[in-house]
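Below, chain A partners chain B and then partners chain C, in two separate complexes.
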Partner chain A sequence: MINMINLTINNIPVSVEEGTTIIEAARRLSIRIPSLCNHDDLCVSGNCRVCVVEQVGNPTLQAACATPVRENMQILTNSMMVMQARKTIIELLLSEHNADCTKCYKNGNCELQDLSNEYRIGNQVYIDLIPLKHYTIDQSSPSLIKDDSKCIRCQRCVRTCSDLQAVSALSAAYKGSEMKISSFYDRPMHEVICTNCGQCINRCPTGALTERNYIDEVWDAIYDPGKHVVVQTAPAVRVALGEELGYDPGARVTGKLVTALRRLGFDSVLDTDFTADLTIMEEGTELLTRLKKVLVDKDTSMALPMFTSCSPGWIKFIEHTFPDLLPHLSTCKSPQQMFGALAKTYYAQKKGINPKDIVSVSIMPCTAKKFEATRPEMRDSGYQDVDYVLTTRELAIMIKQAGIEFMKLDDEDYDRFMGESSGAGVIFGATGGVMEAALRTAYEIVTGREVPFQNLNITPVRGMEGIKEAEVKIENVKPDWSFLEGVTLRVAIAHGLANAKRLMTAIRDGKVVYHFIEIMACPGGCLGGGGQPIPTNLEIRKKRAEAIYAEDENLPIRKSHENPEIIQIYQEFLGEPLSHTSHELLHTHYVPRKRY
Partner chain B sequence: MTGKKQNDMETKKLTRVDYIFRPDNTCLDTLKKSLRRDRDEIILELIDSGLKGRGGAGFLTGLKWKLAKEAAGDVKYVICNADEGEPGTFKDREILDRVPRRVFTGMALCGYVIGSKEGFLYLRAEYKFLAPKLMSIMAEMNQEFKKLGLDFTLNIRYGSGAYVCGEETALIDSMEGRRGEPRNKPPFPVTEGYLNKPTVVNNVETFVNCTIIMGIGAEEYKRFGTDSSRGFKLFSVSGDCSKEGIYELELGMLLSDFVEEFGDGDTKAVQVGGASGFCVPRKKFNQTIIGFEGIPTGGSMKIFNSSRSMYHVLHNYLEFFEEESCGQCTPCRVGCQQLLKGIEAVKSKQRSSSYLDELVKLAKVMKVASKCGLGQSVGNAFVSIVDNFREEIIY
Partner chain C sequence: MANTEMLVKELADKYGRNRESLLPILQELIDERRYVNDETMINVARELDLSAAEVYGTASFYSFIETEEVGKYVIRLCKTIVCDMKGKENVLQAIENTLKIKVGQTTADKKFTLKTTNCLGWCHKGPAMLINDEVYTELTPGKAIDIIESYINK
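== the complex of A and B ==
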């Protein structure tokens, strides 16, 4: 039985469930109370004070985001006292903020800018504190830039990093006027535990945390007549890019994305989904091999459960946080890196292009991919396999710069080859997608039959639950796989690193037993990645997920092993999964890292 | 000893009393006697005594204990706030040095009443030198509790030097091993405090008062002070005075009597309640009652004579706040910087004197919009000094 609380907001009566905050109650009355530290994905903080409201009878103002409603409360959201305080607070924030808006990367997508615009903050009342502070910009990370002069200390990033991601690379440091958001002993971001996931960027209301952008470098490559610029697009980009270019969340813009990339001048527009399918072939085979070694050969050096390795934020997280579990990681590179390695080998050979003249660009929903591309082991082609990684947001900027009217574009198809994909490759973009794709293929390899789920939709592994688990009983197997007869394959999926940490801890403590585990660093999987359009929240991520699954349903091929280009690359180039060439180009290794 | 009435307010003559430091060995007897009493009866007696928290905020101690007792949960905590950091306050140190058993007895009483088995002394970093002695007394008392059949253990935790950790929820965060930042209230510590369990946080002197009340009874205690401010309290007297030090005085006296007793004959202003308190100019001495009906104080009384520049006094306080704000909430973090830079700009004529009016408005916003008592009280000193000594700030 839920207790209902009656109150009035701006003299309008409203009845809401006990525990509702004032800001939520006001929303029911279509009253928006501005806030900068509050975020749907995060716990309450109540520190920016922009949302203060008057509670009749109380001499002090209350933070609407942090105050639960009480019976007979009378709340005023726009009284003189409130407006004066709110305006003063915005002015204070601006006095401590490098408000050089026209030169800011976040110009046009900044909550502080919006607010100062709404309140028409004109002449600066207070003293500009910025010249007194001697800020430096941390550009050490290949993934993100941290500019403290833009920081308003709302600590959304801190809560994201600790609560959503259990990383805690960022925390509040020092006090008073010196208070700032910092890393372990103020070390540069590339030296600390930061996983480069970019979730902080997605939630930063200002330009204090942004992706490190490579837009100019990519333009230079395109303009260079001596370079052949290939571009790959990750699955989650096609269901989110539209948000930056006029569409509502959930719009599928795959065809327009391809057209736009061609118009930008890329020489070949290819699809990361192709290497997602390839990942399934390699990783699925690796899983079956591990199972055989453990179950039949009783090989104790093989670690089960096996963990997926597609998410570079997750990789860096486990390297820092659970280095003892590294043997559990699949040795497969992420689809981006498989693509990169193949672009400068297989693709170059087939096209007759010298790999040194190929510039490999990827469009990713992810900031950690920028770091991943710079890892020293990611040079198996003899060159840096992926040269530049752009986020969904950076691509949108390029499209706008090029004057492309995105919504009016016709749909076009990816180039061949390394452009064909299956629905299994597409769903890599959602949490549970790699698992579903792997099961569709592995089950069929072992039994010769399709997975026993209606229309190939393995629904137990879908959805936004933080940790999901599922079981598939394997029966009537093909003779080669007789050791799996009757085995119940137990799998688990976690997304968001806090959930990953919970799952890893349970595994380390021996509390749970699985065979295969999918981990994605970001909430919702890649569709909620740190390079995706801002804002983000659960509703938006659900819409993107729906779009991903619709994309899958609409593709004629929905199983990785049926992708004709995959069949072709094994025939022409790789031989078979886990072959020598595969190992050279498509697999990698990991390094333990320090705990801070 | 009821004194003269002024503006219909009851006041008391300045009277020195001797309860807190009076040497005696009755703590254990008081505890023994109280353990035989009904818990609610003790709460009623505390409420009846009118004792308000001695940290400065002035919440009824008995009511706080009642709320914690009634809060759901098997595990509850008692915390003694010994993070004495208000500029000009140094009486808790003296209490812990001279009569720690009275403090610990008060904590044990509280543990008994609310049903807590563990109490912590949160000792400010600068008082660590007291720790060896305090810990050995704690160990003795823990044994005594056991003998009395009271399941209560005393323990010690240290601050790290942040002023804001005197704010009870920041203190709790600090005890939990986190950065000390005030929490949103509600929930209050009495329902969700240390480790999210019901917790009573009281000042050192408050616990001592509880022990005293249990010893002498509320009736006797109520003879002291006024309706709004019962009892007596310790004052840390400093500045331009004839006899600085710690004095135990009955509550409800007029500031004029206080200045007559402690001033150097040339007193221009008294800062009542430390940096977070109010500055009272000479002309208001005889209208100002020291107590919850007038200006309450955690004990700090700073006396300034005519040789002092109130600009420097204010500048000093603002420097303190600019550094000691936790930095979490906007009004306090940025407001403190703006007030400090603001008076500097007015003084150096970079801003006109009317900018002071903007700053007063800002200080008032800080008072209503800051997250905790720290930010809410910066305006006290600022507005009272600027209102009363405007020329000194400008010229």
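== the complex of A and C ==
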């Protein structure tokens, strides 16, 4: 029995469940109480104080985000006292904030700027402390920039890194006026346990944490007549880019995305989904090979369960946190890196272009992909396989810079080849998608029949549950796979590194047994990636996921092994999955890293 | 330094491995080692399944948990307003001249580290300072030099 609490907010009566906070109760009445530290994905902290409200009869103001409602409360969200206090709080925050807004990367997409704008903060009332403190700007990471002069110490990043990701690369250090958000011993971000997932960037209310942007580098490449610039787009970008350009969450803008990229001047507009399909061929075959070695050859050197390896944030996490489990990782490169290796080999050969003249750009929902592209292992083409990685947000900036009226664009289709994709490639962008795509193909390889789920939709692996499990019984197999007859394939899926950590700990302790595990570093999978539009929250992630599955259903080909370009590349170039060429270009290895 | 690893394990056995054991473990490490360095904090983090940044965050919050190497004797001279008005600046200069170091520094023989501190609660007898856990009050430059010299000869 849920206890209902009656109160009034701005003299409007409302009845809400016990435990609801004032800020949530106000939202039911369409009253927005501003906050810079509160976030739907995170626990309550009450750090910024911007959300203060007046409770009639109480001389002190209350933080609406941290105060639960009580019976007969009378709350005023914009009384004289509240408005004056709130304005003072904003002024105090600004006195410690480098408010050089016109030169800030987050200009126009900053919660503190919006609030200063709403409250028409004028001349500096308090002393500007910025020149008096020694702030550092950490640009050591290829993925992100941490600028302490813009930090208001709301600690959304700290809570994101601990609660959602179980990484805690950032922590509040020192105290009082010295307090700051710090890595271990204030070491540069590229030296510490940071996975580059960018979830902190997605939640930072100011410009203190931003992606390292490569917009100018990409423009330079496009303007260079000697360069052939190819671009690939990750599956999750097409269901989120619209949010930056006038659409509501959940809009599918694939065709307009392609048109816009062409108008920006890319020489060839291709699709990461193609190499997502290729990943399924390689990873699915790798899984079946591992199963055979363990079940038939009794090879104890082969590690099961096998873990997916598409998510570079997850890869760096396991390298730091569970180095003993590295043999479980699939050796497959991520689709981005498979694409990069092929762009400067297969694609270059087919097009007759010298690979040194190719600039390979990728549009990703992800900041960890920026780091991944710079890994020393990712140069199998003889060059850096992927030259520049842009987030969904950076692409939106370029589209705006180019004066493209995105919503009015016609839909166009990807270039060929390496532009064809199946529905299986598209769902890589959602948690459970890699698993679903792999099952659609592996089951059919083994049995010759489609997976026994209606319309190929393997619903048990879908959804926003932190850790999902599923079982698929394999029966009536083809002769080559007789060792799998009657085997129940046990799989699990985790998204968000805190869930990944729970799953890994259970596996290491021997509490659970699986054959195959999919991990994506970000909540919701890539569609909730650190490079996606701000804000991102559960409701928005669900809408993007619906869009991804709709995209899948609408494609004529829904299984990776039926993608004609995949069939073609094996015939012309790779031979077969796990071939010598595949191993050279499409597979990689991992390195154990330090624990801080 | 397998030594550190063993010491941290012993302390975790003694105080437990919950989040709230962090502070007593750090405090005892300070008693044993005078300061905690990066290696020690990484060991504590591993033992308590915390991140090293969290251990550093907690350690750096507390003035008496040193995260950089300090000398055998840590001098903490009160810098707050009453001691300041009672002549703390002259005392500080006398100590600096005697030890040939500035605030924040450690002598070459690693015997002394000189720091300033917030209020020690001895306003009525300022200027005041601490040397490790010992309080000295109503300091004058001469008195401070005598005290320091007694430690030099220890």
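Everything below uses one rule, namely that the second predicted complex is superposed on the first by the 596 of 596 C-alpha atoms of A that agree within 3 Å, B and C clash if a C-alpha of one lies under 4 Å from a C-alpha of the other, contacts with A are read in each partner's own complex, and residues count from 1 in each chain.
The rule is short, and it goes like this: a residue touches a chain if its C-beta (ideal position, glycine included) is under 8 Å from a C-beta of that chain, and two chains touch if they have at least 3 such contacts.
All values derive from a computational prediction rather than experimental measurement.
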Query raised in the report: For A:Ser171, is the partner it touches chain B (first), chain C (second), both, or none of the two (neither)?
Result: both
Query raised in the report: Which partner does A:Thr88 reach: the first (chain B), the second (chain C), both, or neither?
Result: first
Requested in this report: Could you look at A:Leu295 and tell me whether it touches chain B, chain C, both or neither (first, second, both, neither)?
Outcome: neither
Query raised in the report: Looking at the overlay, what does A:Phe184 touch: chain B (first), chain C (second), both, or neither?
Result: second
Query raised in the report: Looking at the overlay, what does A:Ile193 touch: chain B (first), chain C (second), both, or neither?
Result: second
Query - Which of chain B and chain C A:Ala66 touches, first, second, both or neither - result: first
**Report entry** Of chain B and chain C, the chain that contacts the larger number of chain A residues
**Finding:** B
Query raised in the report: Both chain B and chain C touch chain A; at which residues?
Result: 171-172, 174-175
Report task. Note which residues of chain A are touching chain C in the complex, please. Result -> 162, 167-175, 182-185, 192-193, 595-596
Query - Contact set on chain B toward chain A in their complex - result: 162, 164, 179, 181, 184, 186, 321-331, 333-338, 341-342, 345, 358, 361-362, 365, 367-371, 376
Query raised in the report: Which residues of chain C touch chain A in their complex?
Result: 38, 41-42, 45-46, 50-54, 56-57, 60-61, 67
Report summary line: Contacts from chain A onto chain B in the complex sit at residues 44, 46-50, 52, 59-61, 63, 66-68, 81, 84-85, 88-89, 92-93, 95-96, 125-127, 129, 132, 152-153, 155, 171-172, 174-179
